[in-house]
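Below you'll find the structure I mean.
Naming follows writing order (A, B, C and D), and every chain is counted from residue 1.
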Amino acid sequence: MARHQLNPKQFHNTIGAHAPALTIESGDTVIAQTLDAHGFDGEGKQRGHDPNPMTGPIAVSGAEPGDVLAVAIKRISPMCSTGWTRSGLAWNVVDPALVREMPARDKIIWSVDRNKGEASLAEPTTALKNWSMPLDPMIGCFGVAPADGETISTATCGPYGGNMDYRLFRAGTTAYFPVSVAGALFFLGDAHALQGDGEIAGTGIEMPAEIEVELRLIKGQPISWPRGETDEFIFTVGNARPLEQALQHATSEMLRWLESDFRLDRVSAAHVLGMAVRYDIGNVFNPAFTVACRLEKSVVAPFARRA
Amino acid sequence: MARHQLNPKQFHNTIGAHAPALTIESGDTVIAQTLDAHGFDGEGKQRGHDPNPMTGPIAVSGAEPGDVLAVAIKRISPMCSTGWTRSGLAWNVVDPALVREMPARDKIIWSVDRNKGEASLAEPTTALKNWSMPLDPMIGCFGVAPADGETISTATCGPYGGNMDYRLFRAGTTAYFPVSVAGALFFLGDAHALQGDGEIAGTGIEMPAEIEVELRLIKGQPISWPRGETDEFIFTVGNARPLEQALQHATSEMLRWLESDFRLDRVSAAHVLGMAVRYDIGNVFNPAFTVACRLEKSVVAPFARRA
Amino acid sequence: MARHQLNPKQFHNTIGAHAPALTIESGDTVIAQTLDAHGFDGEGKQRGHDPNPMTGPIAVSGAEPGDVLAVAIKRISPMCSTGWTRSGLAWNVVDPALVREMPARDKIIWSVDRNKGEASLAEPTTALKNWSMPLDPMIGCFGVAPADGETISTATCGPYGGNMDYRLFRAGTTAYFPVSVAGALFFLGDAHALQGDGEIAGTGIEMPAEIEVELRLIKGQPISWPRGETDEFIFTVGNARPLEQALQHATSEMLRWLESDFRLDRVSAAHVLGMAVRYDIGNVFNPAFTVACRLEKSVVAPFARRA
Amino acid sequence: MARHQLNPKQFHNTIGAHAPALTIESGDTVIAQTLDAHGFDGEGKQRGHDPNPMTGPIAVSGAEPGDVLAVAIKRISPMCSTGWTRSGLAWNVVDPALVREMPARDKIIWSVDRNKGEASLAEPTTALKNWSMPLDPMIGCFGVAPADGETISTATCGPYGGNMDYRLFRAGTTAYFPVSVAGALFFLGDAHALQGDGEIAGTGIEMPAEIEVELRLIKGQPISWPRGETDEFIFTVGNARPLEQALQHATSEMLRWLESDFRLDRVSAAHVLGMAVRYDIGNVFNPAFTVACRLEKSVVAPFARRA
């Protein structure tokens, strides 16, 4: 189980079958340097450009279409004492009649205090002078090369992952992606120090990061959409517009998960979901929106789970 | 502060300016008997019919358009040892290609064990033989007479409340509704013993209930959409199709709340929401969907709140 | 077949089971005076208020739930030499990023030249100095009392009709509405001298009008959504948000029409629709959007039609 | 102005920066053989596979990002006396409750009678025994390499064109595409002998075709979305989900067109659209839906048009 450092010279603004920056074995760990969404590194040097320059791809030996790539997120370390957001909110998350009264979308700097574990405005408004929030680092954009020969902008997301901007992709979570090309070709970047649901500011607190992930292949258990698991939850992710379609994808994928791994017939799976499901809105800003379908592990604990 | 019992003979399938079943003073408490969504009471006697027969309306003396009706939910007691759901899931929450493979929408009986505080299938599938969930009683449909002279079916919801089917309308929550007619005219019913997000089974565990609410008028602080408050959270509720529009209503209402009651300018309010907002999908089944925009009170604790 | 004049003193801003302003026999003709969307009559006197004050209701003797009310639109005559629109476009019909750059929504006066049959701006912009359009009068809002005891604002629309703002509801068209209450209770108003698809200005050229309609009951052939017929076309109308749901309602209703009246099995009906259907966007502005599913009569001419 | 024949050996299921199959000069004409959506040619030989194998790309010398590629469609000739559709309708175009009652989606053969100019079922249902429709050949999928290094499946569409399935892309129409890469890289295929609005069967009558197009570069007049022009109409095309977003893109692009080429200020442009716009639903089936915003040329004839 080797450990690799990845600090590439070249970054990608699309996710597709690009030449691997690194090739590893299943079970290996990678410590990757990622740029912020505009391409800046921890020293404030611009080494890539928007949208969301990706570190990678990382090829995993032996990965084939139909496999699953499990990505255990071990650590997401801010590489900088500042980050940035936009002021105001995305136009589409407020009533259309309010759009003309919203603040301009200026770039705003935040302090990212790694000692205190807090984020606060670098030049706070009067009202927010004493206001801070705990850091909660997450990966905004990651995933594997898409199916069907597609090469997709890192502005958006799909069955392969991509720019999902979902809070639960944080340290301690294992994400699962459906492999569509030989080697899987895993990309990551666009870390956020903190972000609310929906990425409704159009950004989280954007930052360069050092991200440690352990990559592992799972054979013979194909999936259709990204999935995830924490100590407390299992979840599935749908990426599409409108929100209703993203929700349909996520719910359908959870039905399949309950059937295949927890041995529930569809009637039983529907009963469990109907009474216990939680939905999270990952992003309601990108070209494709993200909805997660989430269950507490305690809910499915009574069922024998496939190893 | 009087306490009233309300166990009416007549129930309403619309929310509108119907003749009051009871008139009370602001600050009074009402203990109301409600039927299940199909009109059955705690003795299994059908006294109303679907959809969602309402107990009420309760007039509050002195209520005028522009006021707010605060409804503190004190208690929601199941009146029966069973409840019901539908098998399968609503057609619109799974991928269209899956709809033809979903279970039929049969009526299913659940045991509602008030001693253990648990719900389980009365005739469990093999897989769910030992599966139960904690009860979490909530009000599916409640609200006040709508504006503009409308009388609206209890199947749907709007700015006045109605069939929102949102989990957080449980005991311990105070709901706020915008008053649009003299007396406010408050209705309630459609209690659920338990329900997941989105009401994706098309029902919660439907049950007759005894519900204790304290009703209080707030003058001079008009609101546009339902709001709510628990020990831990404040939230606003948007009711519309599609989900994006419900989310826009809820977010816009939260912006207004932060501005009026927490003295935040709009730039500051947007920063707070962008980093801290949580969205819940109340229902994604009824003619109008419900999205809640929720904040932890700890997030807004630093700000001086209007009394 | 009597002819009635209806020029009421009282107007309604909701469609519901209000007391009839006039009761007629099936087959009778009514010549009704309607106010403009803001309540002004042909003399410029304000006699009602927005939204869309309705003339009516007109009760038809013997009408029962399950019947259909056929409304043959004989004539729509402007009662005034001016009308009005809003400048700019509705916020939701342009890209969200463009909303802040759109013109303010001022009230704009148009000349309605009944001799020339043309509309032009009363105070034209430089660019539109010599620009006019042929008048094409239509009824913006009409329909019958809704089902389920509802009383609905004339701002919106539903299975009962209402504020559909669809161009093809013009003279020469027969509209069909599903009767839900005894007497049917027909309302009409909100005439437009001209309007493009989608009512994207948020208005047509709003005007008071004299409208001549012949009302006829059809027994034993229930429908679910409004339908219409011209010399050239048959069409069905779905009213809902989002557009996709309105389209689903309209398409489903057309399937039913092809099956019941043109004796097509569902496979055949689907083939016909797949190759020949036309969709019109009636309005994409009101709380519920309107989509029409339209077929040329020549397409269905080979099929034996139910009398 | 050379004429080129293009009958390639290799076909593409993505639109992107693939190696040119042919390089031409601006003003040249290409007569291209295209396969049907499943990859069959006019002899019934399968030479490509689904979805929508493309002929091309055709590079145009001197084309640069920011240019426009004008594609004058001269002729679309069916290469086969049959074509195919699916029975039933796409699941998402009928009410969800109807999906389970719809016909299975079998492949159905149609006769394409090039002499009579008619399409009819090869094995008609009883009801459709004497039913035929006039042929109206169109291009289902065409466009240029996308921006931002993307390579996109021919199942979907975007600002670069793609699988729009819009009826008005027929002989006599000139389509305009925004060039994003050197050489423009034009692709075409997926011809339909006939198709209704929305491609609601999920297909038109799919056929191999010989398509004659004249390609011409326009410098210095950048566009954002596909546009088109016939003798009678100008139109703009938005491709997105949901329909409302596709409509927003198309309307915004038409505003820009009226401003840049017809010298209308935005207020005037909005007046013209509000009164005269027509919307067509190109497809409501593909991953991205297509809405066209269309104006009669007579409406804009009074305005001086940029050469």
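Criterion: a contact is a pair of C-beta atoms (placed from the backbone, for glycine too) under 8 Å apart; a residue touches a chain by one contact, two chains touch by 3 or more.
Quick caveat, the model's predicted, so the values are computed rather than measured.
Trainee: Select the chain at the greatest separation from subunit A, using centres from the mean of Cα atoms.
Mentor: C
Trainee: Among B-D, C-D or A-D, whose interface repeats A-C's (more than half the contact pairs identical)?
Mentor: B-D
Trainee: Let me have the rounded angstrom distance from the C-alpha centre of subunit B over to the C-alpha centre of subunit C, please.
Mentor: 35
Trainee: Using the average of all C-alpha atoms in each chain as its centre, how far is it in Å between subunit B and subunit D?
Mentor: Chain centroid spacing, subunit B to subunit D, equals 47 Å.
Trainee: Between subunit A and subunit B, what distance separates the C-alpha centroids? Give it in angstrom.
Mentor: That pair's centroid distance is 32 Å.
Trainee: Using the touch definition from the top, which residues of subunit A touch two or more other chains?
Mentor: 92, 96, 242
Trainee: Which stretch or stretches of subunit A touch subunit D in the complex?
Mentor: Residues in contact with subunit D: 13-14, 16, 148-153, 155, 240-242, 245.
Trainee: In the complex formed with subunit D, which residues of subunit C make contact?
Mentor: 85, 87-89, 92-96, 98, 101-103, 108, 119, 121, 125-128, 130-131, 133, 194-198, 200-201, 203-205, 242-244, 247-249, 251-252, 255, 263-268, 270-281, 284, 299, 302-303
Trainee: Once bound in the complex, which stretches of subunit D touch subunit B?
Mentor: Result: residues 90-92, 96-97, 99-100, 242 of subunit D touch subunit B.
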